[in-house]
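In order of appearance the chains are A, B, C and D, and numbering begins at 1 in each one.
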Amino acid sequence: MTDSMNGADFAALIQALNAAMAAAKAELNALDSALGDGDHGEALAAAFAEADEKARALDKPTPTSVLQVTAQALLNRMGGASGALYGTLFLRMSSAFKDRDDVTCSDWSAALDAGLAGVQARGKASPGDKTMVDALAPAVDAFKAGADLAAGFAAARAAAAAGAAQTERMVAKFGRAKFAGERAIGHVDAGARSMALVFETLDEYWKGREHGET
Amino acid sequence: MTDSMNGADFAALIQALNAAMAAAKAELNALDSALGDGDHGEALAAAFAEADEKARALDKPTPTSVLQVTAQALLNRMGGASGALYGTLFLRMSSAFKDRDDVTCSDWSAALDAGLAGVQARGKASPGDKTMVDALAPAVDAFKAGADLAAGFAAARAAAAAGAAQTERMVAKFGRAKFAGERAIGHVDAGARSMALVFETLDEYWKGREHGET
Amino acid sequence: MSVRKKKLINQRETILRDMLQGLASAYPEVVRLTDDGLIVRAQPKAAGKVGLVIGNGSGHEPAMIGLVGEGLFDVNIPGEIFTAPGPDRIVAGIKAAERGAGVLLCVSHHAGDLMNAEMALELCQLEGLDNVEMVVLYDDISSAPKGSESERRGTAGLFFVWKMLGAYAETGASLAECKRMAERIRDNTRTLAVALTSCASPITGAAMFEMPDDEMEIGMGVHGEVGLGRHKLLSADATIDLMLPRLLEDLPINAGDEVLVLLNNSGSMTLMELYILHRRVAERLAQAGVRRYKSWIGPYATTQEMAGFALSLCRVDAELKRLWDAPCNGAFLKGV
Amino acid sequence: MSVRKKKLINQRETILRDMLQGLASAYPEVVRLTDDGLIVRAQPKAAGKVGLVIGNGSGHEPAMIGLVGEGLFDVNIPGEIFTAPGPDRIVAGIKAAERGAGVLLCVSHHAGDLMNAEMALELCQLEGLDNVEMVVLYDDISSAPKGSESERRGTAGLFFVWKMLGAYAETGASLAECKRMAERIRDNTRTLAVALTSCASPITGAAMFEMPDDEMEIGMGVHGEVGLGRHKLLSADATIDLMLPRLLEDLPINAGDEVLVLLNNSGSMTLMELYILHRRVAERLAQAGVRRYKSWIGPYATTQEMAGFALSLCRVDAELKRLWDAPCNGAFLKGV
């Protein structure tokens, strides 16, 4: 087995993300309602359901096309700040994978860089601001230290989870939670948690694929 | 001591009614809220407070003038259906006592007849309709059987109390409670209860007066 | 479900005074508060036109203090919370509305309002004020069966009367004509209400009635009186499907007739819900072949923060449509 | 205190669709619902005038679907409940508002609204639609300190912008002029809100936040975001006494200046309470030597059935007063 992902992999990954977000809906809503408006799980679940449907409908899925329909669903179905940010992440990765049928470890590394840069340009948040960036940024860094996709995904997953957990002690600088000031301390940021879930799902998918489950 | 009441008696009676209504406010509100809008005690207490104030301000109180300021307070301060009905009762009695400085047992009998007739003309309710008439009508009848004021008041008090208690088993035909239909059963009518309280206070006042308390 | 006990007031004894002063402070170009507690038009109606007066218990705002102004009422006599004003105050209101063509005293049919209005008319006669007429109005089909219309209560549907009668009086119609017009609109109007929650009385601070979390009341009165009965909570569409046929059956209406629609917010319904409800009303009216002329969706007669709404229909012809579209300017109602 | 869990809807997945169809069914003479879910004027604005567009999360009705019409917005892009619409839908809204003089995309300052608007403008540039400007609006003094105005949130006070900008665009002002006017009204507007209760999200069915029975929140956001802090429940007068000085201090205002007043109902406040509150606002403004031009008391931007209100002031001169008094005709706003 080569160390790369093709269009079918991406379609299967989106399917896995759809299942993961559906399962995590209530948890993410609950996190969001502590400081925001309680819809983060709902919105992500709806968007990934639509992304999954659109990805399945693709005639000949490529990494780019799968990520592009996913970005469209996140932008226009999910809406809101997190729709724009998640949409930007997937859109930038989609562009980065342009013209590749199989994407490798170094393609992933470049795409994650582009995605993170897009999210930060759009949302202006840095690590420490109690947003999804607190999971995404360390995941991107950790991925690069991995020797292959498996190692990279595993490292990114662990880093994202750790980053999300750390948001519990932060004061929010962005999103609705920012208006809570000190009261934000003690709550994990919903977007950081969902971002950690994205990397967890990616790692699980790839582990399953390596063990021949898909 | 003669068997008659003068203007000072009436002023003292209104003072006693003020105290009685203030004390019964919560009870009457609670009865009214089961089927009506829960303000019967509040409204009566406010009206008798104003009546008391106006009666005290009278230069030379007569039975007529005390009952007239009381009627004014009931009509214009209390307002609503029960204000109109209570106001009519006191206004008719005030007119019936016209030109008398001391009112006797037979004056009382005529005045109560006039008052009851006024209430029924205004409100169209008959005994059995679950209204204040269920306390007032038997009280008027019972009063007439008494040999003197003391006997009449005692009999009226008992009859009014019994009449009010019986409303618990009735379906309302008037007032807000009428829209409750069968659901009214099990609740004593607020206006019947307050009317019973009027006769109870009257009887207590007269007993105290006979024993030299006032 | 508990009700909202917190109300932003000063003291309950001064609610009425504070509220009326607040209204007058906000809309001096529309209304004025008189020393005896009446809400009157800032610019009185032209002399020689019929004055329109109504008294009512307060607590149902914007009714009726918000409906005084050009093309609406001349005088409102606000009573204490949920309590009709007494006869002396009604007489004062009638006098304030007189512009030389007589006064129509409008009565929304509730026992207290009617008794006090009758006493006020007796006082007017004693005082020689004889160009005064009274009209008793009702619309709630849940409060008495068909055939006993005059026993029904006055509820949200009277909005149609107020708006169109107000416009009619501005045309210079006579007192007798105004009274007939009020009766004609009334006779073409029907209302049914539902409530989802109770509310707190601003006087007692307690819930006006109890309401389980999964039920709704059909045919609720404007003071929170218990209605026709309880239902398990229905969807928006099912609620309309239950209400609308009863109204269409009770109203003297035929396919091809035109109606005005009112969805009155009894307090804390969201416009989101009311628009969703209206969708079904429009759909069902179309299916019944009844044409919808115009709709009014919002609060007009409330019962504090009760969650619920009233659905009213008023059958209109060309003349009534003109009256509906006529301008008006109350604190709460600017055109429709 | 528990929130109202019962809502009269059909299913939560169809709330937006049902609501928009319901609005369109009620006011066909004012608005039309397009196939792609935009609310547009039934009679488009005359050619050669600037189109005004806004997108926003739903759940705040009548904002903004009720403010489309003559003298108001040309197009509203309603997003899902509490969720700004995505860039593609905003671009569609911009296209629908173009009448040959360019389009001003208004953004009430919230992260989601701003990000999606920025993406939409990038898409417009890619498509060669270059006569499009964006203006970012804010008013809530509780969301950032004086000096950092541009970080503040857009809340109820933007009503002043919508109403007067709408009137201004009807005069034929250019795109650049419209943008400057929007900024000028914004810079003269300040808002502070309080909340007494939470409300239930129509999506999750759960309370948006928790609120003890004897407290109030100062500086609450339009989505129920926690605000500046909790207070023990105050009286109506004390509440105004706490809010008004902060607004007057923040606003560039001098004795003798004239202001418009908004008391926005965030859901289930009674008009009784709002009028009582206005009484104190008028009293305190007079004491401060600030003249009150006109007031608007009622719901405009709600957060479902939350009990609370926002107090907004807008300093006006002769030109703005003319714009305030200009006619308008939205489903929810007929004149002011």
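One rule holds in what follows: contacts are C-beta pairs under 8 Å (C-beta built on N, C-alpha and C of every residue); 3 or more make two chains touch, one makes a residue touch a chain.
It should be emphasised that the depicted structure is a prediction, and the values quoted were computed from it without experimental measurement.
Participant: With chain centres defined as mean CA positions, report which chain is farthest from chain C.
Facilitator: A
Participant: Centroid from C-alpha atoms only, then distance chain A to chain C, rounded to Å. What do you get?
Facilitator: Centre-to-centre distance between chain A and chain C: 55 Å.
Participant: Where the CA atoms of chain C average out and where those of chain D average out, how many Å apart are those spots?
Facilitator: 29
Participant: Please report how many Å separate the Cα centroid of chain A from that of chain D, as a whole number.
Facilitator: Each chain reduced to its C-alpha mean, chain A and chain D end up 33 Å apart.
Participant: Could you list which residues of chain C touch at least two other chains?
Facilitator: none
Participant: Out of chain A, which residues touch more than one other chain, so two or more?
Facilitator: If we look for residues of chain A contacting two or more partner chains, we find none.
Participant: With chains as vertices joined when they touch, what's the shape: line, ring, star, complete or other?
Facilitator: Shape of the chain contacts: a line, open at both ends.
Participant: Can you give me every chain pair that touches, using the contact definition above?
Facilitator: Touching chain pairs, listed by label, are A-D, B-C, C-D.
Participant: If you look only at chain B, which of its residues touch chain C in the complex?
Facilitator: Result: residues 29, 33, 35-39, 42-43, 72, 75-85, 87-88, 122-123, 174-177, 179-180, 183 of chain B touch chain C.
Participant: Show which residues of chain D lie in contact with chain A when the two form their complex.
Facilitator: 57, 79-89, 110-112, 115-116, 118-119, 142-143, 153, 201, 203-204, 206, 208-209, 221, 223-227
Participant: Which stretch or stretches of chain D touch chain C in the complex?
Facilitator: So the residues of chain D in touch with chain C come to 1-2, 4-11, 15, 18-23, 25-27, 29, 58-59, 61-62, 66, 196-197, 202, 213-214, 216, 233, 235-237, 239, 261, 267-283, 294-295, 297-299, 302, 304-305, 307, 309, 332, 334-336.
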